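Below is one structure. I have some questions about it.
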Amino acid sequence: MLSVQAVTKSFDHFVAVSEANLEVEKGSVVAVIGPNGAGKSTLFKLITGHLKPDRGRIIFKGEEVAGLPPHAICRKGISLSYQIVNIFSRLTVFENVQAAVLSHQKRTYNLFSPARNLAVKATCEILEAVGLSGTAGRISGTLSHGEQKVLEIAIALGNDPELLILDEPTAGMSPEETFATIGLINRLTKEMGLTILFCEHDMELVFSIAHRIMVMQQGVSIIEGDPDEIRNNKQVQEAYLGGSD
Amino acid sequence: MFNGFRNWKLLVLGVGFAVILAVAPLFLARFYVYFLALIVVTGLLATSLNMVLGFGGMYQFHHAVFFGVGAYALALMLTKTSLPQFLGFIVGPVIASVLAFLMGLICVRLSKLYFGMLQISLGSLVWALVFRWYSFTGGDDGIHGVPLPAMISSITGSYYFTLIVAGMSLALMYTIINSPFGRIFQAIRDNPERSAGIGVNVRAHQLVGELIAGFFGGVAGILFVTVEGSVFPDLLYWHLSLEILIMCLLGGWFTFWGPMLGAAFIVTLRTVVGVYTEYWTLVLAIILMLLIYFLPQGVLGYFQERFGSRGAVRSREDK
Amino acid sequence: MHSEAEPRNKKQLPYPVSKNRVYIGPEPNWKVLEMEFASHITVSALGQQLLVGLSRTTILFIVASGLSLVLGVLRIPNVAHGSLYMIGAFLAYSINVFFGGGSTGFWVALVLAPLGVALISLAVERGLFCHLYDREHLMLLLFTFSFMLLFRDLVKLVWGSDYRSLAAPDMLQGSFSFFGMPFPRYNLFLLIVGPLVAVGLWFLTNKTKVGKISRAAAVDREMVGAVGINVSWVFAFVFVIGCFLAGLGGALVAPTQNINQGMDHTLIIEAFLIVIVGGLGNMWGALLGALIFGLTDSIGILVWPQFAIVFPYLAVIVILVFRPKGLLKATW
């Protein structure tokens, strides 16, 4: 579904991503792991259009999407949930998700209908699915960090994406919240058939739900394979797994 | 118009207020009617600015241009052409919104301070043209004694005209704020990057916002001509732009009625204090400084945070 | 807020403003000049006009560099900067009168007026601004706007509403012949002072310890604080220097025009535009911007006097469209 080919991006001589390659198949769960600064977030931003690659191709469902602006890529069916919480802090939880849904329904130029009556069903469904129904009326800036991260995912879901990209979805979450999020991700793949691409530092999580794993270090993709291959790979063990967890 | 209010007490207050406004000319001296009309016009202008400022997060530093252009368009059409009079009233806001769109095309690529500064330069250019083009616009003298249609040329007539038009405009703006566009616009204010991420073409929406704000600024402009009967270059000067900015911030720029309150406050202050001392700006300055220091959310914003929704736009979405 | 200089019969929304610009020379009668276009272009006229433009550039540069410091390092959009410029001019007048009104009066005023302005700004900064550095820009803008209103009325309180004038010292009065056209001696004086101030500023920001700290603080104030430097005093220092420059500009411009209560208005917009065009916090940018402004204005006066005022704005717009962050490197 998604094919990243030899994508490179540098900032003022600092090479953030170099010749990255990634293949994501429809319906699968793919994880990208690597130490901090490996270029994972940059890669995600390149895929979603927030950054333009210097070289390389990004193909989504057969179309070339590298270099398109973020809103165009979103319309094609890719949604990103950000690493650092990036919500609409002055709006309520409901309005946050509703904004995404309205955008998906192409109703953003509607000037005259009262918004509180539109897209209610779709928004409530999403809030149910992620477990935020109880907080729907609260200003999103007042939520706890963990709840905000879940809201992140909810907003991304509002666009009814085919490919959902999660940048460190459980960062900063308590164990209970992490458990709930894992359950959510599982439901998203199994029940809703979403394709998920994510990156994480929590290795347990990665190995428990990922179908395929890609390892990055200093901007380069070292290796790509299924969990067992990665677990047993010497290079990866030395570089990354050896020191952590 | 008040379909957002859940609180019936506020509704009653609002209706009562509207009634008072409606019957005011019957028992107020002419000057006070004029004064009220001026407040309504200024309030409308401030509210139109707040459409993009408070609800869009755009640093609109030279909104007065649209006000002045609308006013001048009407005045010029009424004095220099013999086209049907009502046309001027439509042309004014339309030209203002076209100008807003054009200026937006140039400015909207930038954000915050740079957006504001570029807008000031563009606006100052327009001001300079109006100021120096003596033969066409009357230059520094402006145009006085604009021939208005008989029905609205009296104090009372212009007052009711202003009330009606302003009322409709405010209703429209309120609807727009509560529409999907309004929600998305506020989302852009809170987080432009995220908005792009959910599929919103930020620049396009900001342009539409500019169009709307410019249009209603122009409406305020034509109302000014009806109330005042004249136009002058100060209507386009950056000083006025900063003044309306203050009105918005003073009243509470994340609320709908805040700018109106701020406008009422400043116009009243200027008139009332002006009677007692010619140093009324000193008083204004001190009050402003105190307010900015202690109430950064503006007066209404402060109340809104303390006591919950009051004239706030956000409706409580309890499922 | 009335401009008594030009009584108006209009009603009060918004208030009228008198628009005296820093134009070194008599203010032409625009109504008479309306139809004239490109009628004054000869080589000597061009040369003279360019030199006049350069003198104006000096004043603009001095004031703008002060604003650039404040905006670039402290991130305060100080709309009252023009008011300090105006106060500098009025102070220069009063000091001059106090010292007898002659040549010595001028030189003393030139030294003391900017210092007076610096003192005022120090009081304001320590009393108020230092508590507001972390507020939103918009709030700071309006706060300084309140100061502008305050200063304006204070000036009216202290000096009344009439114009004042200050004579240049004897040795700088009169003009000499430059390619057959008269060139005021005072303008030449300005042309010398300008680069001196530029060099002085450059020395201050690049060679002194305080200057280097300020430049660091402009880019990352938290880091500077973490290293143990008292950022608060650094900011006060920068603010005072910036306001000193505004006062200096006012004192310098005083002999060339009527000192009036509208001086703050016209200058502040020009100063802001120059700072943005040159690059926030960049002194050479302020110089470049001032040059562009002064020269386009002079060319405009020569080519199309009625709309001369439009030329600098056009130049600024064109530049900002292609380089929105200014021509030279900005600090933020």
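Each chain gets a letter, A, B and C, in the order it is written, and its residues are counted from 1.
Quick note on the criterion: a contact is a pair of C-beta atoms (placed from the backbone, for glycine too) under 8 Å apart; a residue touches a chain by one contact, two chains touch by 3 or more.
Because the structure is predicted, anything quoted here is derived from the model rather than measured.
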item: Chain contact topology (line, ring, star, complete or other); value: line
item: Central chain (by mean CA position); value: B
item: Interchain centroid distance [CA atoms averaged], chain B/chain C, Å; value: 31
item: Between chain C and chain A, distance of the C-alpha-averaged centres to the nearest whole Å; value: 51
item: Chain centre separation in whole Å, for chain B relative to chain A (CA means); value: 42
item: Multi-chain contact residues (two or more partners), chain A; value: none
item: Chain A partner contacts - residues on chain B that touch it in the complex; value: 3, 175-176, 178-184, 186-187, 189-191, 193-202, 205, 208, 212, 254, 314-319
item: Of chain C, residues touching chain B in the complex; value: 1-2, 10-17, 19, 30-31, 34, 77, 79, 128, 131-132, 135-139, 141-143, 145-147, 149-150, 152-154, 156-157, 265, 269, 272-273, 276, 306-307, 309-310, 313-314, 316-317, 320-321, 324-325
item: Sites on chain A touched by chain B in the complex; value: 48, 50, 69-71, 74-75, 79-80, 82, 86-92, 94-96, 98-100, 102-104, 107-116, 118, 124, 133, 136-137, 155-156, 158-159
item: Chain C-facing residues of chain B, complex; value: 38, 41-42, 59, 106, 109-110, 112-114, 117-118, 120-122, 124-125, 128-129, 131-135, 139-140, 142, 144, 224, 228, 230, 232, 234-235, 237-240, 242-243, 245-246, 249, 267, 270-271, 274, 278-282, 284-286, 288-289, 292-293, 296
